[in-house]
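Each chain carries a letter (A, B, C and D) given by its place in the written order, and its residues are counted from 1.
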Amino acid sequence: MYSFKNDYSEGAHPRILNALVESNLVQEEGYGEDRFSQKAMELIKERMGRTDVDIHFLSGGTQTNLTALSAFLRPHEAAIAVSTGHILGHETGAIEATGHKILSIEAEDGKLTPSGVKAVLDAHIDEHMVKPKLVYISNSTEIGSIYKRSELKQLSDFCRENNLLLYMDGARLGSALCSKENDLQLSDLPVLVDAFYIGGTKNGALIGEALVICRDSLKEDFRYHLKQKGAMLAKGRLLGIQFLELFRDNLFFDLAMHANKMAEMLIDGLNQANIKFLTPSPSNQIFPVLPNALITELESKYAFHIWEKVDSEHSAIRLVTSWATKEEMVEAFIEDIRK
Amino acid sequence: MYSFKNDYSEGAHPRILNALVESNLVQEEGYGEDRFSQKAMELIKERMGRTDVDIHFLSGGTQTNLTALSAFLRPHEAAIAVSTGHILGHETGAIEATGHKILSIEAEDGKLTPSGVKAVLDAHIDEHMVKPKLVYISNSTEIGSIYKRSELKQLSDFCRENNLLLYMDGARLGSALCSKENDLQLSDLPVLVDAFYIGGTKNGALIGEALVICRDSLKEDFRYHLKQKGAMLAKGRLLGIQFLELFRDNLFFDLAMHANKMAEMLIDGLNQANIKFLTPSPSNQIFPVLPNALITELESKYAFHIWEKVDSEHSAIRLVTSWATKEEMVEAFIEDIRK
Amino acid sequence: MYSFKNDYSEGAHPRILNALVESNLVQEEGYGEDRFSQKAMELIKERMGRTDVDIHFLSGGTQTNLTALSAFLRPHEAAIAVSTGHILGHETGAIEATGHKILSIEAEDGKLTPSGVKAVLDAHIDEHMVKPKLVYISNSTEIGSIYKRSELKQLSDFCRENNLLLYMDGARLGSALCSKENDLQLSDLPVLVDAFYIGGTKNGALIGEALVICRDSLKEDFRYHLKQKGAMLAKGRLLGIQFLELFRDNLFFDLAMHANKMAEMLIDGLNQANIKFLTPSPSNQIFPVLPNALITELESKYAFHIWEKVDSEHSAIRLVTSWATKEEMVEAFIEDIRK
Amino acid sequence: MYSFKNDYSEGAHPRILNALVESNLVQEEGYGEDRFSQKAMELIKERMGRTDVDIHFLSGGTQTNLTALSAFLRPHEAAIAVSTGHILGHETGAIEATGHKILSIEAEDGKLTPSGVKAVLDAHIDEHMVKPKLVYISNSTEIGSIYKRSELKQLSDFCRENNLLLYMDGARLGSALCSKENDLQLSDLPVLVDAFYIGGTKNGALIGEALVICRDSLKEDFRYHLKQKGAMLAKGRLLGIQFLELFRDNLFFDLAMHANKMAEMLIDGLNQANIKFLTPSPSNQIFPVLPNALITELESKYAFHIWEKVDSEHSAIRLVTSWATKEEMVEAFIEDIRK
């Protein structure tokens, strides 16, 4: 059984484990004040060409989202997200548990647009309703699409004109930035969004997300929020060492490129077999529509999610590739489809 | 500079890193449903001689405390803790942030007693006050003391008679259970408390605490709370593999015994130098009272916390030993004191 | 300018003020333990033919909803409501501020059905999503419709089969129960729902809602929640005296019947003028669709809400009648429409 | 049985009821936007000689405290209060339920001092602890003491130097300002504190507190918080009309003066009978220490709280006077003591 179920089925890239082993007995300060974390922050800032951002390392995506949003919003302020947004349907009400409503917008391609946000603003006119304040987007999105630079720029401009914060969930930012269709640079992000995170867990780390706070007014006292939400590890070095290894050279991007390459191979192979897709996706999640009988057959050899029923005889499945996906297994999968 | 500052200055015990390396490319389910986590749970249950408890792995102590207490308490219910309790003063209001008050009791030795709890109950008599519901204790405590079996039994009986939950923070449970003065067994805990956790972070793991829920009524839907509070790791295997290694044989206890042995060496050496202690502590945290001038001198070679001022010329410092503490550094420290 | 804007434009029915005046200098216990409140609870229970329910008086609808739902739900549990539900869009995120998500269902007529609820249950399958637990309905609804006995029975049965709580917001329960189309009795409610409130504010009281808790497991410690949420008035008598007056005889229902009669007069008059309605509504809120030019004209003499744009030349307005609505003003309004 | 149990045993001052009756059928906007509320705000501002403050009317003290503090504080920020502070022990964890810890200081006379606050600041040094941000005081305090102008000035100066907010709970502000020992003016308050409330419930209103927000940065969007916390009454006029009547002339102060005068009569009478007091209190709550046998006897004719045991044969009781306290009952009580 080989799994295309997600991008966190394996441990970590061997270089990361190696870095943990090598640094293991060095004594360091706790709570993220170790030299590895400090150095990792510097490297990431360099990579973005910005020294005026704050970086914090957290363990996972839900934890990052809930810590950031609850720190950024006042009690009456709400977030806006597309209906497929991870915080809306897949984080067990983590944001609401900190007291904040999330306002939902339908969007076929998983992406928010100024007109979608505007519709929410127009519907929230006084103190009997929450005050929309933060726009949550994911890149790549939950259905594999990515934001083009111009799309993000328009959204960013709209948010600034309307006094809204723009936050990007980057659980799969590596795959987004390494997509063939991408025209965004990491260095564009601090210019265009107010805060975002660079996902490590789904791109080769054991655990770890790097939250980047770009807007000055959001930076103050953030470490208090880390601690209060249980997000400050005693051995913060565990996160620092991993990001140090990922950003010491091009490893972070190399891993994402491998994941994307494997996804492209799958797309090509499926295209050749005349398989259609539920939605186009230029990143490491793809959604082919297959006959149910074929799906049943595939399930005996591969693990994957059945995403949704398409018609009485077809369903879309989700295939996810990662830094660890083996080319021969991709080939085997395509071969099995062809047969 | 050698650090006696805490028990999380180094990475993990080499066997743990080795286990991570060896298992690295095995594909596993996410979110704690991997085989390593399942196996680790079984081993811990075996060690306690109990199959009817639920075990969940979390990343750190604050996270475990806030997830457990907010899951166990209704909105109007409060926790009770000694004034030195970790949740009271060192978790940035994490419990209050989930909506619950903590009622504080003074206790010289860091331990709660039935009479202390009774005083709180007597003072909370109607709906204008919170309803005390959960008794929080730490073992070992924040000042290094440990609960004797009879003490814990009395507290447990009192809690049951008064419809209170008893929760034990076991961040340093290993050191407590391996103390020379200890007469508690791991298998006693599910009998005497309603929930507790076995601390990994401070006893040789990279990160990780094993929450054990003993009372049936507290078990339901706990995984929802893990997810909601950002405590469910995508790569839950990271926690499972570590606890599997710690409990595969006697490693967890061996590491704690080493930490305690190093503390005992320090105590013996300091005793011989006629140093007094702020408080007796039979575990891996000790609190010698030293002349300020000596402290300043020691600070040039060792890292430690200055705990509190004792008089105009003396202060207590905190020395913490761990699985990683080197015997030769303990000897060197004692030698430096003697001089 | 005469207002049809809402049912809380005036003070209270004169009998209520009179009761306040007459009882004014009697000394009473505070916090709802006065004899007036106790007597009012008894009368309401008698009216329902049930002595096994708990009744609490609160100041307003949002306060009642947030106090009840936060007391009834555990942190990971969510409410379900139609998209027009008051708690969803018109209470400034009050429920979310207590930590709970509300799951939204589209419903043309403002009413929830078993199939709607089932769709939500089917979509919430594991601990990555909130757990739907409480079904929130309003009667009459936010768009004036009412639940027939059979509809409520089906919903109630479905909830019980699926371990869901059923909660009814009765801000306008008087108008619903006195509607010509109604076949529900007040005594049916404790049989069919787990908790509901009888709205006083919009039916002749100065302020006040009577929360009725029917399910035993929801009753415990509720007064703690009242106090914690700021809902326990020092002079609880203010609420008790009013409900005592409303339920001493048939006043509560008489006032609702007047409101409904005024709405029927408006409907009849508008029907005769060939005015269509946005939605049928057999209670005290009606939604005629009028030419925009006419609306502008009416606005010089009457106050009302413009509810929504229907087409480029028409909009729906909301007219609300109450215990205080004057028949001559209804006639004048109809006359103005006819012209 | 005559009650000295509290200052909310009766309804409202007759002039207030009369104002409600007279205004009853006037149609007004809801939610505090009625003309009565607007006019009442103006009158209170005039009385303080300040037009640059914001005023909001709420129903009760707990509601006002929780709405204000949760609006003013970020999640990691805490309040500071004396151990007898109402928010600490008598509001069922209402502040903690909004996510904020309250740090407690012992104070014999119920009053906070700069040195007490400084001790808290000195003990909260980093992000592992909450950040003290708001100083909560009551005037008069929970044990009847009042702040002198110089004391409040020193506390205010200290707060500003240390970037702390100063909030005054004025549930019994009328009695404090009308105390013989008082040298504060209502107009001093906006100069010295950042927000405070003027208590109506305990000074002749049916319900109602007037929250005055003085610091600009705390004003924004406050009405959202009112609505979210269930504190915005549909018939906001109920609060406006009462405060309009209280501040139309000197009624608010006249009522407080009567309460104080009755307390002074009690003190004089008890002094003449050689009764001692637990604590001096120049406002409408007094705490005589009486033999237990006498207390039992008095309980057959009078209602009051037994405050605390003093020794094996004596206890302190609390006597509270109000706008409604009858002079002849005070005389009767003194007479009964003398016998």
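By our rule, contacts are C-beta pairs under 8 Å (C-beta built on N, C-alpha and C of every residue); 3 or more make two chains touch, one makes a residue touch a chain.
Given the structure is predicted, the values throughout are model-derived calculations rather than measurements.
Using the mean of the Cα atoms as each chain's centre, the chain most removed from chain A is D.
The chain pair with more C-beta contacts between its two chains, of A-C and C-D, is C-D. Each chain gets one centre point, the mean of its Cα atoms, and the points for chain A and chain D are 50 Å apart. Centre to centre, using the average C-alpha position, chain C and chain D are separated by 33 Å. Centre-to-centre separation of chain A and chain C, using mean CA positions: 43 Å. Each of residues 75-76, 91-93, 97-99, 127-128, 130, 224, 227-228, 232 in chain C touches at least two other chains.
Against chain B, the residues of chain A that register as touching in their complex are 2-3, 6, 8-12, 14, 17, 20-21, 23-30, 59-67, 91-94, 97, 201-202, 206-207, 224, 227-235, 237-238, 303, 324. Chain C meets chain B in the complex at residues 31, 70-71, 74-76, 98-99, 127-128, 130-131, 221, 223-228, 232. Residue ranges on chain B touching chain D, taken from their complex, read 75-76, 78, 89-93, 96-101, 104, 127-130.
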